[in-house]
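When the chains are written out, they are named A, B, C, D and E in that same order, and each has its own residue count from 1.
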Amino acid sequence: MEGTGYMKIAVALIPLLPLLGFIVTLLFGKRWGKHAHIFPVAMVTISAVLSVYGFEWAFRHQEETFVWNAFTWIAAGQFTVPWGFQVDTLTGVMLLVVGVIGMLVHYYSIGYMHGDEGYYRFFAYLNLFMFAMFVLILADSYLLLFLGWEGVGLCSYLLISFWFRKKSASQAGKKAFIVNRVGDFGFTLAMFAIFVATGTLQFTGVFEAAEKGEIAPSLMTWICLLLFTGAIGKSAQFPLHVWLPDAMEGPTPVSALIHAATMVNAGVYMVARSYPLFIQSDTAMTVVMVVGIFTSIFAAYIAITQNDIKKVIAYSTISSLGLMFVALGAGAWVAGIFYLFAHGFFKGLMFLCSGSVIHAMGGEQDMRKMGGLRKKIPITFWTMLIGALSMVGVIPFAGFWAKDEILGATFIDGYYLVWAVGLLIVLLTGIYVFRLIFLTFFGENRSDAEVQAHIHESPPVMTVPLILLSIPALGLGLLVGVPPESGWLHGFLEPVFFDLEHEPFTWIGEGGALMGVSLVLALVGIAIAWWLYMRQTDVPGRIAERVPWAYKASLNKVYMDDIYAVVPVGATLGFAGWLWTFVDAKIIDGAVNGIALLWGWIGDRLRPIQTGRVQNYALYVFGGMIALVVVLAWVWGS
Amino acid sequence: MSWSDQIGFPLLSVITFLPLAGVVLILLVGRGKPVVYKVISLIVTLAAFALSAWMLFAFKTKLPGMQFAENISWIKPLNIRYGMGVDGIAALLVFLTTLLGVIVIIASWNYVKDRELGFFVSLLLLQVGMVGVFCATDLFLFYVFWEAMLIPMYFIIGVWGGPRRIYAAIKFFLFTLIGSLLMLLAIIAVVYYVKDSSGALTFDIQALSKVVYSYHLQFWAFLAFFVAFAIKVPMFPVHTWLPDAHVEAPTAGSVILAGVLLKMGGYGMLRFCLPFFPDAAVTFVPWVVGLSVVAIVYGALVSLMQKDLKKLVAYSSVSHMGFVTAGIFAGIALVGNAAGIEGAILVMLSHGFLTGALFLMVGFIYERTHTRLIADMGSLAKPMPIAAGFLLFFAFGSLGLPGLSGFVGEFLSLFGVFEYSRWMAAVAALGVILAAAYLLWMFQRTMFNDRGDDEVKPSFALKDLGLREIVSLLPLVVFVIWMGVYPQTFLEFLHVPVQVILHRVTPSLNDTSAGIGALAQLVDSVRGLF
Amino acid sequence: MPGGDFHPWFFVIVAAWVLVCGLGVVLFRKIMYSAVSMVFCFLGVAFAYALLNAPLVAIIQILVYVGAISIVIIFAIMLTEVQHGGYDLFFNRQTAIAAVVALVGAAVLAFVALSSDIGQIGDKSLTPGLRQLSRLIFDRYVFPFELVSLVLVAAMIGAIVLATREKERP
Amino acid sequence: MNALYWWLLLSFLLFCIGAFGVLARRNVILVVMSLEIMLNAVNLALVATANFRAGAKGAGTLFALFIIVLAAAEVTVGLAIVIANYRNRRTVQTDTFDELKG
Amino acid sequence: MPLNNTVSVILPGVVVAVAAIVVFLADLFLKRKGGLAWIAVAGLLCGAAVAIGQWGQWTAGFAVWRVFTGGLTFGRREAVVGFAGMIGHDRYALYAVVLFCAIGVLAVLLSDAYLARRQAARGEFYGLLLLIVTGMIGMAISTDIIAFFVSFELMSLPTYILAGYIWRDEKSTEASLKYFVTGAFSSAILAFGLALLYAATGATTYSGIAAGLAGLQLNGLAADGFLVVAFVLVVTGFGFKVSAVPFHSWAPDVYEGAPTPVTAFMATGVKAAAFLGFAKLFLMAAGADWTHWGHIMIILAILTMVVGNVLALPQRNLKRMLAYSSIAHAGYLTLGIIAAGKSGDTLGVSAILFYLAAYALMNLGAFGVLIWIRARREYDYSLEGLAGLGRTLPWPAILMALFMVSLTGIPPTVGFWGKFYLFTAVIQADLTWLAIIAVVMSAVSAYYYLRVVWYMYFREAPEGAEVTEEVESSQVGVITAVTVAALGVVLVGLFPGPLLDAAEGALRLLIGG
């Protein structure tokens, strides 16, 4: 339905304000110096307030969808796409996540980026990111969503290579964008296919057509798989996950905002948004689930051995995203979004905390050089602990409810293997998250004396966001997700995921039992981590020696980067080089130059017939004449 | 018909020949006053730009046919007329040309330090030829402009170019000449076919595009025209003149070459290949689209390996122009697929802005570093952040970031290809991935990365872009964003002319596939393949 | 065999005479021998004209060729140095090829002449006499006649220009 | 096969003899002489045709007369050129004149 | 003036011939030889004026030919044919007269300073040149092989002399000798061919020959060996004069050795006359027998286009390069005759008429620039000698570039229209494949023409190549000629209408007009 005037203004301003912030900051930020943050942060704050208003609107109008086609974007032939926005409950949830976390990260960055050369640049980029992300979630068509989608990719690129003189950073930024492009390749084709099939790219139209069965099942599978390819890229699923760990080259607030809380969720959001399409294709759903669960366990396995504090969290993010896809694939749509919701907060929190740790350690990111920080930076410690517990899935933290719901769904739907793997993931999560906690905050500090001397708690501008974030990480589940599968959130999202059926959750019985199992496994994981890294600290090393291949594989990220360097990248470059140096230079240009040279060569060879002797010339005349007579007499004679 | 019968003011002629007035003025001024030439050139190109902008405003997008038409007799015995006029496509391209004309003058303000008189005269003459090509409504007038343009370009590359300029200039010239000579034969064949069948000798493009030619003639004449335009575009495998010409040409030459000259190929296909020879065009669709797709991927792959900035951008042009030809021809493959064709035209415009801008950037960088080798650069974003920002902007525009101009056109043209053949579209879409790869890799190696020797290398004392350079880039930035955010402004000009073309092609489709019914079945079967 | 108002043997004799003398011109080593041979060749041709009912041409032939051209040529021979020596001095390097080409040419032309069906025998009583010819020259053929006179003027002046070699006064 | 062709045959042969002389002799004066032989062959053909052929009788004869005169002019010019060359190079050997070539 | 007045029929030729005599006489009396050039120019202009004046009175173009291609009644023919069929003075001939006179004027303008500087006798030069023009006019108006051959010789003999006119120069006399030997040789061949044509048909007038050939065709004798030989011999004579391969080899040597103004004149005037004269001969006398001479010409045309262009590629001497280029152009022009013969249409001939005019303008211009440069400084006609000309002598350089562009055939220059018109004729005659060969070869030719441009502009002059102004020689004539040629190239290039009209009008029969 058409929204009210206020809503139009809000929806227009939500993305526009950060855009304004971006432009103004880019133009004048340098002059503002260390005050460069004021304007962009203000813009984002207003935007966040407005997005809360958007959420509130959705809250009030749960059964309605606000649609506003601002103007025609592209109209060529029958191809028409408006520049249109829509708000429904799903968008509302996303608005809340993006707006709130975005704002908090902005505040946090004031402290974190303080004194950096590119201070204003950083805020400009962040604002641009907010713009793109808002467009992404507010879009009412695939194409506009794609605009936001690529926009966040651009910002991700800019922010990852923020410290561009570090080669690894610029490399990582480039990698992130290109890998995402591979996914976009699928997304683009999916859009074409959707348009060919339905004649529109607007969600309402597409979904209507899908519900009417206008899309042939085989085509539907293709569409879904291609869309999912896009999601794989953006949400860092196997095999396109390789960019996310490298993306940690960016400043930590970026990791928190973009690579944990918002952008990487875009894939999940898009698949969830395409729910009416996906439910029509079992194949696609299965693929989504399988990719999700594989990615999840795969990332968890790698996370165990990583030493960089941010890399651990990065892999855990991949793992979590995998779980979200498992939920979507298993048909537990709300659970997926719920986990997204929760994950946004606790993973954002984790990253910001790790940022605080790094800040405290003077830039050090290697956990082997940390330890014993619990006392020195208590706020960070406690908030991070909340995040960790939430993530591992300890009752009653937010993560617990969401994760449990996903696992329960797989079990109930009969995907027992998936469920079993999910449990393993829970166990591993417990181990690696608390390995991080124990290595960082407990034991002795292993860094240089000089570094130790400077360890200090972060300023309030950083810690306050931590505290604020830890509240939802702690209590969100209780608020919106209890009772499981029929909590408030489920009712809220019902209009979007309209024909979901679920049985009421039973505390005592199957539901409760599953819950218990996963909780126990989580705790066991924590315990193992405690045992390995607090008690028997030599055991990890021994395990590594016992099964070196497993350890090395994990440490080296299962050699994915090396494989990529050879197969797609190396092969492409080799082929391209061959094309250039051989096909282009030798064959095509060779032919061109060859023909040119050939003429010259013939000319040179013919020159000697011009001997300069007059009787030779007379001979040519006479001989030519006789030859003509002979030839023609012969031709016409026969 | 006299001038005044039409619109009272021969707008298009004035736009076209204003630079000629500049040439006369410069010649009157005489040798040795470079500043005067620059000012004169700037004034006349600005005036031409202003007039063409006014033309766009006054253009009625809903009307079919040529607007601002002028038509007077030129060569009576052959009934060749001086016919000028623009439809939506031509109007946009004229605008693009005049815009780049101004920018190029600004950009080469300090670039040329030798024989300035000749340089600016050449530039202005070139603009006359280019605008004329887009405005001509007489086939012959078109051809005259088309060929006449070669000479100033030959001089620009040959006199003010790089070390291998002679090779590049002659290669450029000969490639184009061969194509256009074949086209000349085809023009003669077409015109005299009409004369023999209807008794009237005419070179009027509108009239000629309404005739039904025999298939035999269509086939060969299409090929001749097509080769001429394909060389100009340039399509794989006749593209090799382009990198050489681009690399050796001075910045202004590269900008014009990439920004306008390449567009003439696409424009020619739209104006001649499709309406004149619809049956043959339909026959050739698979080949042309196939070659275009090859060009897209090939150009992108080869760009990936380039060590020279200019060459990289040059090969990227091959890739991008592949979208143009693919979109145009895929657009006529199925009934009424205007999206592909309109997309192709948008790609042409956007490529004009973006690649023009990229060449400007390369030129600016070269003026500072005196090298174009990527390996010799690095971390340039530090001393020249504004330049880095602009380069990044244009690079992202070029790789098709939604919201910037490159995206809309490429998306639509790819969509056209998709409707024709999903596999070709899939392969072509690889080009989009590769575009990101080569552009970002280039950007990383030039602007990013630390070379770790700040003090040793003098490049860190480089000056950032000055006001003049920024001014020359800003209009492009504006149009790139405008076209990305609200391409309707441009698309509106295209609906009617594209419909005219499609209207002309549609009967051929019916003929070749036995009616709409069969075609519909064909469409269905394409969809059914999924 | 050629018929007409003379015996075929006359043709054979004339033909042999002309050809032998012609060969003499091109084959004699000494240029003076060639010149003399040429004079005889011209005489033979004049005899042939007489046989062909063209006494006027025969007379002019003797006057112009034997009388004038031969003398001019002999003067030219006198003016230029005469070479002595072997055949390699008198014939150039392509003599063998020239001989082959000339022989092939002769063969082809002879074949053509002997195999053609085109010609018809005309009515020889219509052969114009001297009076008719002179009338023709000054009537129908006055245009070429005038042109020929211009040619002679041109040749004369040209020869003088090339031969006298004087500088133009400025 | 009629009488005309025998005369034409004679003319052909004489023509080829002359041509051989032009092609093979080194002395330019001999080349000029051979040219005259060729022109005589032409005249022979013309006069023979005029005698035997139906049609414009006088034309052939007159053509022959014109050619005789033209031949005279040609010899004049030719020998003047030969003399001019002889003065420059002191030779009448054809193959010494090969400064211009290629 | 009544049309059957025989003198009026040859009036332009008479005017030029008289002018020649006047020049010869004036040479005896005039002390200042500079005036001779103006007498010659005046004579030529008078000839052209007469021809232009007659244009309106002659209503038939290419009249007699049209009799046999079905265009004209016999009575009309009487009106334009003089001397009992010896002369066909039609608009075609008038066009030719104007063209020849124009070429003559430009050649005279180019020669004056050149000859004066070399202290060569100018009176005789101009007289001979005017006689050549007379011969050229004779070729164009003849409709009888006797008149044709005599005109041919009148054109040829003085040309041999002019080629060796700078008798101190060994190259010049060598050129003259070569031209004479090969020229006289091919004259003999041509004469023999004409004699055989006469033998085959029993007639010497073009119309008579055409009737005779028609009779032969009726009897199924069109492909008789005799006729084949006759045609080959005539084509050989033609091929020699227009320097078609393989009868071309004299041209480069003679063009290089001859005095540059003479070369310019030979390359344009003599060639034009040969084309126009032979085109008339072939088309009027043997138009119906196209297959036979036509195929010979196709072979020649292809060989000529290819060999001419290919051999021009390695040339470093500009005169020699232009010689080969003129060979190549002869190939293109031959296409026009072929097309006209094949299609029986006038288009091919109009194309030749136009092309010759265009070709004359640009070639005279190019040679003129060479003379101009030579007048300004030491120059050996080499490409290298042109290096940096764009800086040292900007005006000659820019004009040279213009002529080269025109020779390449780039619009809007006159060379382009020539090619366009010619290709039109060829395509109209269904000989597109020949046009494609021509197109490919003209792309090849672009290389060597543009090479001149790049030497002038893209290369720098070597050290010490400063301009030496020679005071004793006036450059007025050269500059005038080159400027006229350049203006012609540009103006006719921009507005070819009138010339196209003339070239078409020369062929068109204006019944009742």
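Quick note on the criterion: a contact is a pair of C-beta atoms (placed from the backbone, for glycine too) under 8 Å apart; a residue touches a chain by one contact, two chains touch by 3 or more.
What you see is a predicted model; the values in this text were computed from it and never measured.
**Student:** How many steps does it take, at the fewest, to get from subunit C to subunit D if each step moves to a chain that touches the one before?
**Tutor:** The fewest steps needed to get from subunit C to subunit D is 1.
**Student:** Going by average Cα coordinates, which chain is farthest removed from subunit C?
**Tutor:** A
**Student:** Please indicate the chain closest to the centre of the assembly, with centres calculated from CA atoms only.
**Tutor:** B
**Student:** Please work out which of A-B and A-C is bridged by more C-beta pairs in contact, and write that pair.
**Tutor:** Higher contact count goes to A-B.
**Student:** Taking the mean of the C-alpha atoms as each chain's centre, how many Å separate subunit C from subunit E?
**Tutor:** One centre to the other, that is 30 Å.
**Student:** What whole-Å value do you get for the distance between subunit B and subunit D if each is reduced to the mean of its CA atoms?
**Tutor:** Whole-Å distance between the two chain centres: 64.
**Student:** Report the inter-chain centroid distance for subunit B and subunit C in whole angstrom, where each centroid is the mean of the CA atoms.
**Tutor:** Each chain's C-alpha centroid was found; their separation is 70 Å.
**Student:** Can you give the whole-Å distance between the Cα centres of subunit B and subunit E?
**Tutor:** 43
**Student:** Among all residues of subunit B, which ones touch two or more of the remaining chains?
**Tutor:** Touching at least two other chains: 174.
**Student:** Spell out, as numbers or ranges, the residues of subunit A touching 2 or more other chains.
**Tutor:** Residue numbers touching two or more other chains: 596, 607, 610, 612-616, 618-619, 622-623, 625, 629, 633.
**Student:** List, in ascending order, every residue of subunit E touching at least 2 other chains.
**Tutor:** Expected reply: 146, 150, 153, 157, 160-161, 164, 167, 176-178, 181, 185, 189, 199, 202, 225, 228-229, 252-253, 314, 447.
**Student:** Please list, in label order, each pair of chains that touches.
**Tutor:** In this structure, the chains touch in these pairs: A-B, A-C, A-D, A-E, B-E, C-D, C-E, D-E.
**Student:** Once bound in the complex, which stretches of subunit C touch subunit D?
**Tutor:** Its residues touching subunit D are 1-4, 11, 14-15, 18-19, 22-23, 25-26, 31, 34-35, 38, 41-42, 45, 48-49, 52-54, 56-57, 60-61, 64-65, 68-69, 72-73, 75-77, 79-81, 83, 89-95, 98-99, 101-103, 105-106, 109-110, 113-114, 116, 119-124, 126-128, 132-133, 136-137, 141, 144-145, 148, 151-152, 154-156, 158-160, 162-163, 165.
**Student:** Please name which positions on subunit D make contact with subunit E in the complex.
**Tutor:** It comes out as residues 4, 8, 15, 18-19, 22, 28, 31-32, 35, 38-39, 41-42, 45-46, 48-49, 53-56, 59-60, 62-63, 66-67, 70, 73-74, 77-78, 80-82, 84-85, 87-89, 94, 97, 99-102.
**Student:** Could you please specify the touching residues of subunit E with respect to subunit D in the complex?
**Tutor:** Residues 145-146, 149-150, 153, 157, 160-161, 164, 167-168, 170-171, 173-178, 180-181, 184-185, 187-189, 191-192, 194-196, 198-199, 201-205, 208, 212, 252-254, 256-257, 314-315, 320 of subunit E touch subunit D in their complex.
**Student:** Show which residues of subunit C lie in contact with subunit E when the two form their complex.
**Tutor:** Its residues touching subunit E are 108-109, 111-113, 115-120, 122, 139-144, 147-148, 150-151, 153-155, 157-162, 165-170.
**Student:** Using the touch definition up top, name the residues of subunit E that touch subunit C in the complex.
**Tutor:** Residue list for subunit E touching subunit C: 10, 17, 20, 24, 33, 82-84, 86-87, 115-116, 119-122, 124, 127-128, 131, 134-135, 138, 144, 146-147, 150-151, 153-154, 157-158, 160-161, 164-165, 167, 176, 199-200, 202, 216, 221, 224-229.
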